[in-house]
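As structure tokens, here come the structures.
Two complexes, one shared chain (subunit A), two partners (subunit B, subunit C).
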Partner chain A sequence: MNFLKTTTFLVAAALAAPLAAQQDGGRLDIVVQPEPPGLMLGLVQNGPTQMVAGDIYEGLLRYDTDLNPMPGLAESWTISDDGLTYTFKLHDGVKWHDGEDFTADDVVFSADVFLRETHARLRASLAYVDTITAIDPLTVEFKLKEPFGPFISVFETGTMPIVPKHLYEGTDYATNEANATPIGTGPFKFDKWEKGSFIHLVKNEDYYVEGLPHLDEVYYRVIPDAASRAVAFETGEVDVLPGGSVENWDVPRLTAMDGVCSTGKGWEFFAPHAWMWMNNREGPTANQKFRQAVMYALDRDFMKDVVWNGFGNVATGPVSSKTNFYSDDVTIYDHNPDKAKALLAEMGYDGEPVRVLPLPYGETWQRWAEAVRQNLAEVGINVEIDSTDVAGWNEKTANWDYDLAFTYLYQYGDPALGVSRNYTADRIKKGSPWNNVEGYENPELDAKWAKAATLVSADERTALYAEIQKEIVDDVPVAWLMELEFPTIYRCNIHDLVTTGIGVNDGPRNAWIEE
Partner chain B sequence: MWKRFASNIGAMVGVVLLIAVIAIAIIAPMLYPGGPWQMVQRPFLVPFTMEAYPLGTDTLGRNVAAQLAYGAQVSLLVGLVSTLVALLIGVPLGAVAGFYGGLADEGAMRFTEFFQTIPNFALAIVLVAIFQPNLTSIILAIAIVSWPPVARLVRAEVMSVRKREFVDAATLAGLSKPRILITQVLPNTVSPIIVMASLMVATAILLESSLSFLGLGDPNAMSWGYMIGAARTVIRSAWWLSFFPGVAIIITVLALNLIGEGLNDALNPHLSRKGRA
Partner chain C sequence: MDTFIAVLSRIAKAVLTLLAIAVLNFFLLHAAPGDPAVVLAGEAGAADEQMIAQLRERFGLDQPFYVQLGKYVWGIMQFDLGYSFRQGMPVSQLIMERLPATLILTLTAFFISLGMGIWLGVAASARVGRASDSLLTTLALLFYATPLYWAALMAVLVFSVWLGWLPAFGFETVGANYTGLARVLDIAKHLVLPALTLGLFFMAVYMRMTRASMLEVSQMDFVKTAKAKGLGGAAIRRRHILRNAILPVVTLAGLQAGQLVGGAVLTETVFAWPGIGRLMFESLAARDYNTILGVFIVSAAMVILFNIITDIVYRIVDPRIGARS
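This part shows the complex of A and B:
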């Protein structure tokens, strides 16, 4: 019934959209959770920062919900046949928020100097880049050392934000005063940040795309408690609840309200993928049979239906079905306790207890860990849940002090950007929770991952990634759980809020409110 | 003494309630052999709609009745053990301070005051957070914040008793000081300690519930505070998830308080309120 209602609204909205003229004006109140540590996107790239700063800073390209590149600061682009030269033609007449002209020099400075120093994830991709040159004030050329398949996917705002050279060149980036009042080229300008309360952005009157943005102002509201955020939406205090800002079991109640719409779109670029790291170095989890038993013991359909209220999909392997190069030709681990018990008997599991480290991100994750413990207990595995907070989770995973640990990571549109980093041996490094934390080593697969990244032909890449997925799924280095889906909840009179693969992050650019 | 206690209706109600709670805690594994974490039905089953699950199910479809029964075990365990530990710290310290006086008294009391100046609950949170939440650390934390009143009470009692004539008599009979303290003085301070202990069990149960509510409970032990904490986010759509454990806490704490009152009236008749026998 609720579902029907929502669908009706969506259909109505879809029909109405082309008819109604896009209206200018209005204010949007969006929840941001938690409060971002800073807004200088070149220095900080965590989720909340990307969401707010995605309106202030821009990348060369934007990506639609199928991850096809669209014009951003670059109006057009060409890739040479050998896959080595990327040439971008920039928009004419773009100005920084402080009135200075935006030119190709800013792009070269951002990519070649600033972000090389500050942006670890981009640095890995930039390692393939030989030179970045400004051919003329409106043309930039990236020359690669060798072909790098996913290179076209690195120009998104959060991955390669273009920062103002005239403010940052020759300064100490981390302590630059401009960080407090971020200057970008985006559709909204920074106005005010009341710590613990709100961040206020105002319309950029000089935005280079004719007619955009439609909104006058955007408030990002900081409300620390999930239940209070739901109430704020119900009372009309906020208009948009981005994915993950309320507990899952509140979602059906909120979307059943009159005039409320929701969408699962807008996360394709990130494709959050959840799994449990299993410590491949020691304890029962070092045994492949044990890891397979864990996969058979888990009732992942239950997790999807109950813990996540039906949102998302059960993951079949390391690559999300929402991104390119996904293959479903792999061993499927259904919920099969008997098989799990048989595997445990075969390996001679002696009842040695294993610890589960939940992700300290709220009730949903705690319940999830409890469901996992129950599933594992039912096949005879002794499980204890470790209690932890964010700092403790970071420390324990970074120092490999766990048996099973929940996590989820973004995929960034390409296995070479967001997937291989968790499985190749060169990414085993103590001290970071964002790499091959499970300690999986498979030299043969390492070679394939490396080769797949540098192939030019998409077909060849697809074939090779399919091969990798088939092999790694049998090895079970980690227990893949779910492709997460974070529904965005908003009022139906807000249109065109989620049109890209990064959703609300650059949503206000095109959004408009129907009066 | 027992007569006086038995004639107190409130105290008897308390005893009956407490016995009921203890009984439920003991037979929980027999009633629900699958344990409190087993997912048995669809989630958010409303109470009184299915006979097998009279109190409904929680966010994951776990039986609320089973959770309550197992929660009783944890609450009672924490209440009793932490009170025992608090007595083990507080009684000797108070006794030594009161009996020997002088430097020993000064030192012990300053030490006690040090703990008394820090708010109980805040200190308990800090201790549990430092030691990682599990049953042992929770019990220790509660004991550490609740022994100072015991020490002060025992000290006051010992100070009044040690001036009595039978203590002088014991000294003259050649008994050593420690022996006098243990065999002559302490037994005469037992009744106020018992009264206080019964109330401390109630306080400890409340403290444990508060800690679990804040997410500082043992994640592997089902407790009433945990149930309420987990239900907080769904309180508007699933009232029963916080209501039933809340009632369980009220009943248990009320029972202990009634018993405490009754013991007080029975053991210290001269202190009891007017009109009581």
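This part shows the complex of A and C:
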């Protein structure tokens, strides 16, 4: 209804008058939570760092909300027919914030030298790359060893941030003094970081896109308490609450305020997907019937409506419906306690308790674990909640010390980048929580995942991924829960805040404030 | 002279205590699950063995435990608190950046609570049994029993959200770039709510203790003597009763003073006060071993320092203490 009203209003406004001109100037105060450990995006890639440093550093490409590539530092690009050669034409006249010229050498240094050493996620994709060469100062060519379907999706700021060669070449990256005053090519320059209070960015007057950015300055505010963050928005101290910065139950109260808007957009590239790892190695969870029983026992619509205040979607399988290659032709697990009980009886479940490890990311996740415990108790599964802090969670999941463990992972626009890493046997590795932690092994599917990654044709990939989804959903290696949605809450006089599929990290680039 | 020797021997003991604290904390921290490399890798949302191994090597976590401990203790003995790999700067620098904010907050709260507490305690004891005494003791009980966290949120709700009188959080107005007196006033405005929140609890404690102690001492023979001498009520209370009644309050004030560095974690969190308590808490969550050990050691040093100061104050308030030892 609200949507309808807004639409009608917009249409009416558009008919009545030409669109208001974008206004320059102004300051935006955005909450960043938690405080980033550092801002050198090539070295640190956690969420808060990406959000702040995404204004300072840039990638070759950006992606729209349908995940199509858009120009970034590269103004155009071509992919050869065999899918092996990617050629990028760079923007002319781009300067680093310290005044040096940006050239193809910076790109080669970043991708081939710097990030190979520092960026674990990109390293996995760079394994497909044979050579990276600067053809001329404004042209870069990536040659692959074999086709890699998702390669066009690795050029976003957080995945392949371009870092200044002139500051880092030949230095020890981790201790380089330049890390404290990050130098990028982006729309905003680093000015000041008062640890524990705020990070101040100022407009890059020499930004290479004519007319951008509109804002004069951006303050990222560090407010450690969730209730205080809500208050900060209420009292007008901050203008933008990025997704996840207040607890879910505060969202309806804040969005009901006058002149406050919210959007779930800007996360399409990441498509956070939540599930519970089920330990496939030992205990009741090693039994496929038990895992299916868990799926039938969970009332995921209730979780969505109550725990997440209606935000997000129930997940049907490993791939998010927000990304390409999603298929809904899979077994649907509805809330069916009787079926769950029947499956448990069939396998002869003896009441052995299972340990549930919640994600220590605040009250919402704690409540989610309690909802799961209640659902499982209803079908006769004994549950113990094993609470811990972030370090403890990392340690326990990385060393497989759990039965059921909550997590969520980004999909990064392509199953080969963000999905398969959780299901293939070659990604079963103790010591990291970002791989096949559940210990699922299915050689037949492994071959399909591998093949789907290296196919050139998108149609063939779609067909193969559909096959994979159908099979894996019956195996239930993990208990898929939800496609999460983290609404961005902001004042309605801020326009164009979220315009891309990575909008959470490049919002201020296009944003402008209507006086 | 006695005092001087006593202080010297206390300092010698203090150094040993500090070293023991450093070693003990080192063991405790390393016993907690996870390490900084795992946390950093976890935050990156992706990690492979190479990354974790690189991080551990950089942090020195790949070395045997006793080597790590030995290096740390050796560093401490040279007043070197080590390097925070997470924050990319020396721990001493990190602590010095955060220390002023914390001290402004905790010292303000300390003096408010001590001053008000003693004053109200004396006032209540002078009116014992009357309505004003009941009102004061009831209020004190309320402040004493209210959880700090809740009191803080309510204060914000009333004074910032509803009334709009005071800023809800923060150290100063961000981006206003005030200087001189304007900046002092700005910080003072931001200081009101957190300092009161933090101070109310101790104020209640001091008040109750002062009142009880005053009442107890006022029954003693020397007070009767003073009255018999014909001294006025106010003079007796101030010079005779209060001076004898203050010792337990001094003990407690010494305890509170020991928490000046590390005791404001909750207040700093709710009010987004960029102090050392939050640094400690966040470093603990991140398993930033060096930083948190550094904060522990500075806090421990403060506790020891204030214990010594308390002892000296005892001797001033009650000269018999020095004479006895």
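FYI, the second predicted complex is superposed on the first by the 497 of 515 C-alpha atoms of A that agree within 3 Å, B and C clash if a C-alpha of one lies under 4 Å from a C-alpha of the other, contacts with A are read in each partner's own complex, and residues count from 1 in each chain.
By our rule, contacts are C-beta pairs under 8 Å (C-beta built on N, C-alpha and C of every residue); 3 or more make two chains touch, one makes a residue touch a chain.
In this text the structure is predicted, and so the values were computed from the model without any measurement.
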For the overlaid complexes, name the partner, subunit B or subunit C, with more touching residues on subunit A. C
Using the touch definition from the top, say if A:P37 reaches subunit B (first), subunit C (second), both or neither. second
Just subunit B (first), just subunit C (second), both, or neither: which does A:D250 touch? first
After the superposition on A, what does A:P337 contact: first (subunit B), second (subunit C), both or neither? neither
Touch check for A:F302: first (subunit B), second (subunit C), both, or neither? first
Please indicate which partner A:A227 is in contact with in the superposed arrangement: first for subunit B, second for subunit C, both, or neither. both
Which partner chains sit in contact with A:S387 here, subunit B, subunit C, both or neither? Use first/second/both/neither. first
Just checking: does A:G264 make contact with subunit B only, subunit C only, both, or neither of them? Give me first, second, both or neither. neither
Check the residue A:K429 against both partner chains and state whether it touches subunit B (first), subunit C (second), both, or neither. second
Between subunit B and subunit C, which residues of subunit A are contacted by each of them? 227
Residues on subunit B engaged by subunit A in the complex (per definition of touch): 37-39, 43-44, 59-61, 132-134, 215-216, 218-220, 230, 232-237
Which residues of subunit A touch subunit C in their complex? 27, 29, 34-35, 37-38, 44-47, 120-121, 123-124, 174-175, 179-180, 194-198, 200, 217, 219, 221-225, 227-228, 231-232, 234-235, 237, 388-396, 398, 409-410, 429, 431-434
Complex interface listing, subunit A residues touching subunit B: 226-227, 247, 249-250, 253, 302, 306-307, 358, 363, 366-367, 369-371, 373-374, 377, 384-387
Residue ranges of subunit C in contact with subunit A within the complex: 32-35, 38-52, 58, 85-89, 94, 97-98, 101, 153, 156-157, 160-161, 164, 167-171, 174-175, 268-275, 278-279, 282, 285-287
